[in-house]
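The two complexes that follow have chain A in common; it is paired with chain B in the first and with chain C in the second.
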Partner chain A sequence: MKIDDFLYELKETLEIEDVELNEETNLKELEEYDSLSVLSIIAMIDENFGKRISGQDFQSITTIGSLMELIGMENFE
Partner chain B sequence: MNLDSKNNKEKFGSEIKKIEVYLPVKILKNSTLEKEFSEWSANKIEKKTGIRERHIVNEDETSLDIGFEVAKKVLQGYDKSQIDFILFCTQSPDYYLPSGSCILQDKLGLRTDIGAFDYNLGCSGFIYGLAMAKSFINSEIANNVLLLTAETYTKHIHQKDKSNRTIFGDGAAATIIEKSDKEGILEFSLGTDGSGFENLIVPNGGLRKKYDISAKEIDDGTGSIRTDNNLYMNGPEIFNFTIKAVPIVIEQCLAKNKTNFSKIDYVIFHQANKYMIEYLRKKIKIPEDKFYNNMLHTGNTVSATIPIALKECLDNNILKDGNKVLLVGFGVGYSWGATIIEV
Partner chain C sequence: MNNQFSLENKNIIITGASSGIGRQCAISCSQIGANIILVDINKEGMDKTLSLMQTANHVCFHKDITKHDTIETLIKIATSKLGKINGFVHSAGIEKTLPLKMMKPEIYRELFDVNVISGYEIAKIISNKKYSNSGASFVFIASIMGILGQSGKVGYCSSKSALIGGMKAMALELANKNIRVNCISPAIVETEMTKKLFENIPIDSKKEIIKMHPLGFGKPEDVANACVYLLSDASKWITGSNLIVDGGYSAR
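Up next is the complex of A and B:
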């Protein structure tokens, strides 16, 4: 998946309107990030990459870049 | 003993005869949660979880109380002397011992020459209850089973636990399963994976880790606070588990019943939350008009969600006589199961 497409998907998933996302964006500092958006991200990753991120790994996520590393950088172009 | 007697037996099966629901009087609305948790929006909760309000027991009201209320309701207009087994499913029991089902036998004025026991399961509890009721009837241990699924998870939840207070509600369902001349409860596929037991748990209060009056508050990082005396749910892990387990158990259940989706009229999942079961529906490619997704006024009532949904579908003529309905329960344990019933 192209990184731009991923960022767009993530924005849609989190229903973010007024903030531009990039790899440096800290997910946990986003106003929209809560226990419900975690479920949405899991669904989005399962749908697009067929991968499951463990609850423990979710705890360690900070930036969007760190989420991409968990998914596996080989999945991005 | 006449060894041939088995071959001369008439063929029979079991069927769900009656379902009743009881919801506690007190209601917790999203608008109240919004006031308590500044960053929570009532509209967002409803949009994502499909929940607008949930019923909550009072401090002095227990699973036994709501189980009693719903049992009285289902026995109205029913010859209660016919009930010869009580199955009581709860994870918020009144006592370690005795079984709530024994107390209920007496309170309900049921016969004393009947069987009764409690079992500890959550969101898979109704499916397992049907499996046991069917087995007891088919093996002639019982003819008319009273299955009670009564849950008061809110007693386990910390007042500052935003996520769990949003998702869970209290409620009870009573289902009567009777001997019948045809089989209305078809084959089951059940599943268990205890490796995930810590992901949905009340850590303290049992005999391994006793209730700790000075247990420290734990912040989960998304605005929810609890202690180890309370219910803990690792949402991401539970979602991962369902994504993995539910499609497989459905496939197994359809295969065991030698059928396929085209012959199933309707599907009722454990009503966990709208977002999660809608994602599973799409993933498994179940048509939207064959799928129930409604917990607007109840929230996730654990082992009571499937019979609540089933009753709503029957009352609203969503289900018609002869319909084949796939039921799927999944959650705490991990424990899961699926079956097909004919209504």
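Up next is the complex of A and C:
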């Protein structure tokens, strides 16, 4: 997946309208971030990458870049 | 005195017998004298359950209960071996925690298919006089989530709520055959299913959920004990009820 497409999917999942996301963005500092949005992100990743990330794995996530590393950088172009 | 709490020589069919609450129901019922017909899609788990049960004339069926047209054959085989059915426990169930916006029609369908429809289809077949004895008891394992809501559980809550609703209609409909129909609604019980659930949610949420159970999380036997009661003749005047077994969760 192209990184831009992934950022778009994330914005859609979190319903972010007025903030631009990039790999440096800290997910947990976003206003839209909460425990339920984590479940949405996990489902979005499962759907797009066929990869199951647990809630525990998510604890270590900070930036969008770190989430991409968890998914596996080989999945991005 | 004749022990009304006994399940001596009763034939009881249990779905979801390969793990968790279903497994414990099979074990507990066997310990007080019942013959169990175990049905589950997971053979390995079912064999494990069987090894933990008190020996009697148990029968195992490795079946997908959502393949509805195969169920009657199974019931026929079971009743030809053991005799008519005295009890049915629908414990097979799946859980999904997913925000509304990520839900899809096929996810609702899967939840309803396993949690509700497959249980009702089995009840339909065994309620036939050919297959069940007067005084039979059906128990559907619902959930406290069928009464109370929780975010991320629109699919699961609606399926368990449906199970409770249909149970009442079924209780009225089958009363003239002297078949009793009830639900048990547990809060969180420590099983493989809930373990998996907790792997998918943040640790903070887990702590919050534990706090919501005044007596802590339940053990499978806490639900199985209630199930034994509803299957036994001791509960012969109880039908159409939803027995809440939740460690105080819903008392708040």
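Everything below uses one rule, namely that the second predicted complex is superposed on the first by the 77 of 77 C-alpha atoms of A that agree within 3 Å, B and C clash if a C-alpha of one lies under 4 Å from a C-alpha of the other, contacts with A are read in each partner's own complex, and residues count from 1 in each chain.
Going forward, a residue touches a chain if its C-beta (ideal position, glycine included) is under 8 Å from a C-beta of that chain, and two chains touch if they have at least 3 such contacts.
None of these values were measured; they are calculated from a predicted model.
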Taking the superposition as given, does A:Met73 touch the first partner, chain B, the second, chain C, both, or neither?
neither
Which partner does A:Val19 reach: the first (chain B), the second (chain C), both, or neither?
neither
I'd like to know which partner A:Phe58 touches here: chain B for first, chain C for second, both or neither.
both
Is A:Lys28 touching the first partner chain B, the second partner chain C, both, or neither of them?
first
Tell me which partner A:Val38 touches in the superposition: chain B (first), chain C (second), both or neither.
both
Which partner, chain B or chain C, touches the larger number of chain A residues?
B
Which chain A residues contact chain B in one complex and chain C in the other?
35-36, 38-40, 42-43, 54-55, 58-59
Listed in rising order, chain A residues that touch chain B in their complex are 28, 31, 33-36, 38-40, 42-43, 46-47, 52-55, 58-59
Residue numbers of chain A touching chain C in their complex, please.
13, 35-40, 42-44, 54-56, 58-59
Sort out for me which residues of chain B touch chain A in the complex.
39, 44, 48-49, 162-163, 199, 220-224, 234-237, 239-240, 243-244, 275-276, 279, 283
Listed in rising order, the residues of chain C that touch chain A in the complex are 97-99, 101-102, 151-152, 198-205
